[in-house]
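Labels A, B, C and D are assigned to the chains in the order they are written; within every chain, residues are numbered from 1.
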Amino acid sequence: MTAQNISDMLRARFGDAVTGGKLEGVPDPWIAIAPARAREICAVLRDDPSTACDVLMCLSGVDYGGGKLGVVYHLDSTTQRHRIVLKAEMTAADPHVASVESVWKTANWHEREAYDMYGIVFDGHPDLRRILMPDDWEGFPLRKDYRVPEFYNGMKVPY
Amino acid sequence: MEEMMTQPPAAPQAPTTVPGFGRALKTEEMVISMGPQHPSTHGVLRLELVVDGEVVVDVIPHIGYLHRCFEKHCEHMTNYQQVIPYADRMDYVAAMSNEFGFVVAAEKLLKIKVPERVEYIRVIMAEFSRIVSHLIAIGTYGMDIGAFTPFLYCMRDRERVLDIFEETCGARLLYNYMWIGGLSHDVQANFAGKVKDFCRYFRPQIKELNDLLSYNKIFIKRTANVGVLPADVALNYGVSGPVLRGSGVQWDLRKNDPYSVYDRLDFEIPVGKGLKGTVGDCWDRYMVRVHEMEQSVNIIEQAVEKLPAGDVAAAIPKRIRPEAGDVYVRTETPKGELGYYIVSDGTASPFRIKVKSPCFVNLSALPAMSRGAMIADIVAILGSIDIVLGEVDR
Amino acid sequence: MVTYFRDIWDGLVTVLIGMKVTWRHLFTPAVTIQYPDVKVKLPERARNRLYVNMDDCIGCDQCAMACPVDCITIETIKSTPDVDLGLTSVGTKKRLYVPVFDIDIAKCCYCGLCVYPCPTECIKMTDVYEFSEFDRQDLIYRFATMTGAEADAARAKLAAYEREQAAKKAAAASQAAAAPKAPAPQGGPQAPQPPAPASPSTPPEQKG
Amino acid sequence: MKEMLLDALHNEALVYTLMAFVPLVWVVPFALFAVWWERKISAHMQDRLGPMRTGGWHGWSQTIADILKLIQKEDIIPAAADRKLYILAPYLVFAGSYAAYAAIPFSAAYVGAGINIGLFYIISISSLVVVGLLMAGWASNNKWSLLGAMRSAAQIVSYEMPVALAILAVVMVAGSFDLQEINRLQSGWFWNWYVFQKFPFLFAALLVYFIASLAEVNRTPFDIPEAESELVAGYHTEYGGMRFALLFLSEYANMFAVSAIASTLFFGGWNSPFGEYLAGPVWGMFWFLAKGMTFIFVQMWLRWTLPRLRVDQLMYVGWKVLIPFSFVIVLGVGFWVMALR
């Protein structure tokens, strides 16, 4: 299936949950989706035999600057041999997105990493803890407005 | 398959009390910390084991001890070229493969076509890198199981590859060899001869390794039927590389999503067949690596034969300034599918680089494989996943 | 029952096969060498300790810019037009004093990225690999050949020259203001300024 | 030897003390040598050279330097450890393995205690080691040590059975528990050795004994109590300095003890392989030590070849393979002895 087909299918099933996208002229065509419905959309993409996206290749958090955060899903189908990119955008003030952990177990650690680095809260994730940074670290290091703290537990950070 | 995929099957739960003793004696589970300083965690990984005697009830991996802010560093680099030395340091036993992934991604973003010679040399280096990485994986795996000698045989063979690397690019471990659009050096004059010498030398060594370790009864007993990862669970966890192929899924990006010149080379994809136990057990994962080394030797021999003439620096751009946009490129490293998600805002420094590291994903499947196993099996399972903490934590 | 005996048999046989392999290796010569006594010859392209030939350095800061770990610190002082700093071995004219050229080799990651942009090929990686020190401070290599006094003198001279230039400029400006009809002879009285270095001469700020 | 010393010194207590020191004079240098030897063997099997610097020729004094280092080390007792047991355990382990030497006949002229139930004594006294190991693991108050100690207790207790049964087969042939008597019965040319008698039963008994004794002394493939890739170092994780050296020493002492018993029971002990040639008390000592060292070499050879088993597989090998086989051997030897009497 081409990206256009997938986009049309998602529009037909989810209506305004598909908020846009860019399907031509880019290396990886992508579809923008509403963050709150990420789980449903992903479940359909996995279970529908025409899409059959059985692998979540990558889940990345992105800070676009200006208080905009995003989650990018790269999906792949080992049987249908197509890939599709989903982008969910949210504001830093309300960084909530539905967790796709129940769809692909891959998402478990990737979502924890996105939470760790960007503070994106994945609703429905069973174990949303920091994964790479220490549990008591303050702030989300990959946000564009992040400042390295002076001290961490009494230790000077930029040594 | 479809229905099985909707609900990932639950891992077998071990009994929390010893049968027969459960009613009479009060038993209690013990929590043991395996790592961050432990000989078999292959780095600074901490596994929180909940054990009932020798039986492991649950495993909770804690990572991040080797977190070096790769992604944060990348955003602060003044150009894309500077990312490559950092990319080397992710999976430091197969640095060439990491570079390969990054340069392929950056070239896709920059829309550069690299000369054929570069592509072939890259393939040779990446396959050597695969051999090196698998040698380490196999050697340390033998050590995890308790056989020390195969490890040193593997290190000895690895040194020969590193000699070739050193002669070509000047470094033994962290090469900075593949550049965006080309290579830092052309190969030396006697490169083809050295490569062929190595291939001739290496094939009998694989056989010796099989004699000493792979088909040893004790080794088979320790690894067959241990840590079974069924194919559907493997896909749901998104594992890749030998871990996925060990589960019997024929999925290799070199064949299934070919990049560089892999589509012009003839090789096979070994998969786990469950010869000594169940499909997807530790022995299968191990054996996939052994067979992959043989295939890599084949690829190298073909690529050296086909190596065309040309200038390796012809397509190196003067200024690296991709237009705004994003690209996700995945390549098959020895550990599995390494993906780079690069977002560019049109400036010379990367806006965001996210690395999908194969070890990170493969390690997340560890609890699913190891519930109900014994402590010694945890070591075996962890070794068969072949993680490099540098890549897990980045 | 058959599998029971076959397992035992396999066990014994594979153990013996393994023992044959190790027995053979007992008599193969070692592949290791006695390191400090015997040394491997490094290949031509070996990338080890950095060396800077200060005679050729023009203070362009390209290497410091290329360094991904910021281990190179370069400070430069512009020379005044009356001094001739000489030519480099490739014939480039030197226009900057380089009072500070520090490489923190403890930070260096031996990637070799600094070597390529150098226009005079004065920074290169050598095959020296034994340079451990007891004090980390000793790993900061100071390549600059200027003494502090020389640098101060050069700085003072530059400052004096710049004051002079500023005064001349001011005089020219006031002249221009005094005679508004005449087109200001832009650039006329100005001395040929050395081309600005590719980057500010201050050390790149800490990143990440 | 005892009589000779008694004649010279006329003091029984002094003589027995001297006699008791003789094995020590052997055990300590042996352990130093064996550690060096093991390193060299492992190195050459792995295409390396091993220690080459200390002392000049092939690093011969490497282990001496090591033991000097261990002696100088600070004696650290972990804060959480059970002090008394922690201190006592290494001595108990060493005492257990050293006491076994009392009944081992080094030569026709020397045996520490020529008791007529020597074998029985050795089997029972070497079980004492397990108490020490458990004590060490428990007193360290470390979970890994505890696991190692539990494993080693289970292992040694299980493998004592096949060891005892294999020894029993020899005892049935010899009709004596006295090791000197067993040696004398095997004198003459090497075909008189028990390993070639009652073929294949005593040969199988040798295999069973050797495999089980590997487990008794925690050597690969049965080194699971100290499996370094699983348990870091097992029961001696928390030990350092001289205490560790003592545990290490007793391990090598044990290695030689089981090898000595194997050579005595199956290979004629101090008997020369060539009948009357090269025989005599001093040659006897030489043959005895040479045979023991050959077994040590095989132990090392196996160690650097094989991976290690898992706990349950270890128990499988012990209870389901070695014990049934040793019963068959005992029965076979029994019938043979009965039928041909």
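The rule is short, and it goes like this: a contact is a pair of C-beta atoms (placed from the backbone, for glycine too) under 8 Å apart; a residue touches a chain by one contact, two chains touch by 3 or more.
All values derive from a computational prediction rather than experimental measurement.
Visitor: Can you identify the chain nearest the overall CA centroid, using each chain's own CA centroid?
Guide: So the chain nearest the centre of the shown protein is B.
Visitor: Quick one: chain B and chain C, Cα centre-to-centre, how many Å?
Guide: It comes to 33 Å between the two C-alpha centres.
Visitor: Roughly how far is chain A from chain C, centre to centre by C-alpha average, rounded to an integer in Å?
Guide: Averaging C-alpha atoms per chain gives centres 40 Å apart.
Visitor: What whole-number Å value describes the gap between the mean CA coordinates of chain A and chain D?
Guide: 62
Visitor: Taking each chain's centre as the mean position of its Cα atoms, how many Å separate chain A from chain B?
Guide: 24
Visitor: Give the residues of chain D that touch two or more other chains, as numbers and ranges in rising order.
Guide: 45-48, 304-306
Visitor: By the touch rule stated above, which residues of chain B touch at least two different other chains?
Guide: 69, 72, 149, 153, 156, 212-213, 216, 218
Visitor: Quick one: do these chains touch in a line, a ring, a star, all-to-all (complete), or other?
Guide: Contact pattern: none of line, ring, star or complete.
Visitor: For this structure, give each pair of chains that are touching.
Guide: A-B, B-C, B-D, C-D
Visitor: Taking the complex as given, what residues does chain B use to touch chain A?
Guide: Residues 2, 5-6, 8, 63-64, 67, 69, 71-72, 75, 108-109, 233, 235-238, 249, 251, 256, 325-328, 330, 337, 339, 341, 343, 352, 354, 356, 360-361, 364-365, 368, 393-394.
Visitor: Could you list, by residue number, the parts of chain C that touch chain D in their complex?
Guide: For chain C paired with chain D, touching residues are 8, 15, 18-19, 21-23, 25-32, 34.
Visitor: Applying the document's contact rule, which stretches of chain D touch chain C when the two form their complex?
Guide: Touch residues, chain D against chain C: 41, 43-49, 52, 301-302, 304-306, 321.
Visitor: Spell out the part of chain A that touches chain B in their complex, as residue ranges.
Guide: Counting only chain A, the residues touching chain B are 26-28, 46-47, 49, 54-58, 60-63, 72, 74, 78, 81, 85, 104-106, 108-110, 117, 130-134, 141-142.
Visitor: Help me check something: in the complex, which residues belonging to chain B touch chain C?
Guide: 69, 72-73, 76-78, 81-86, 88-89, 149, 153, 156, 159, 166-171, 174, 176, 184-185, 188, 208, 211-213, 215-218
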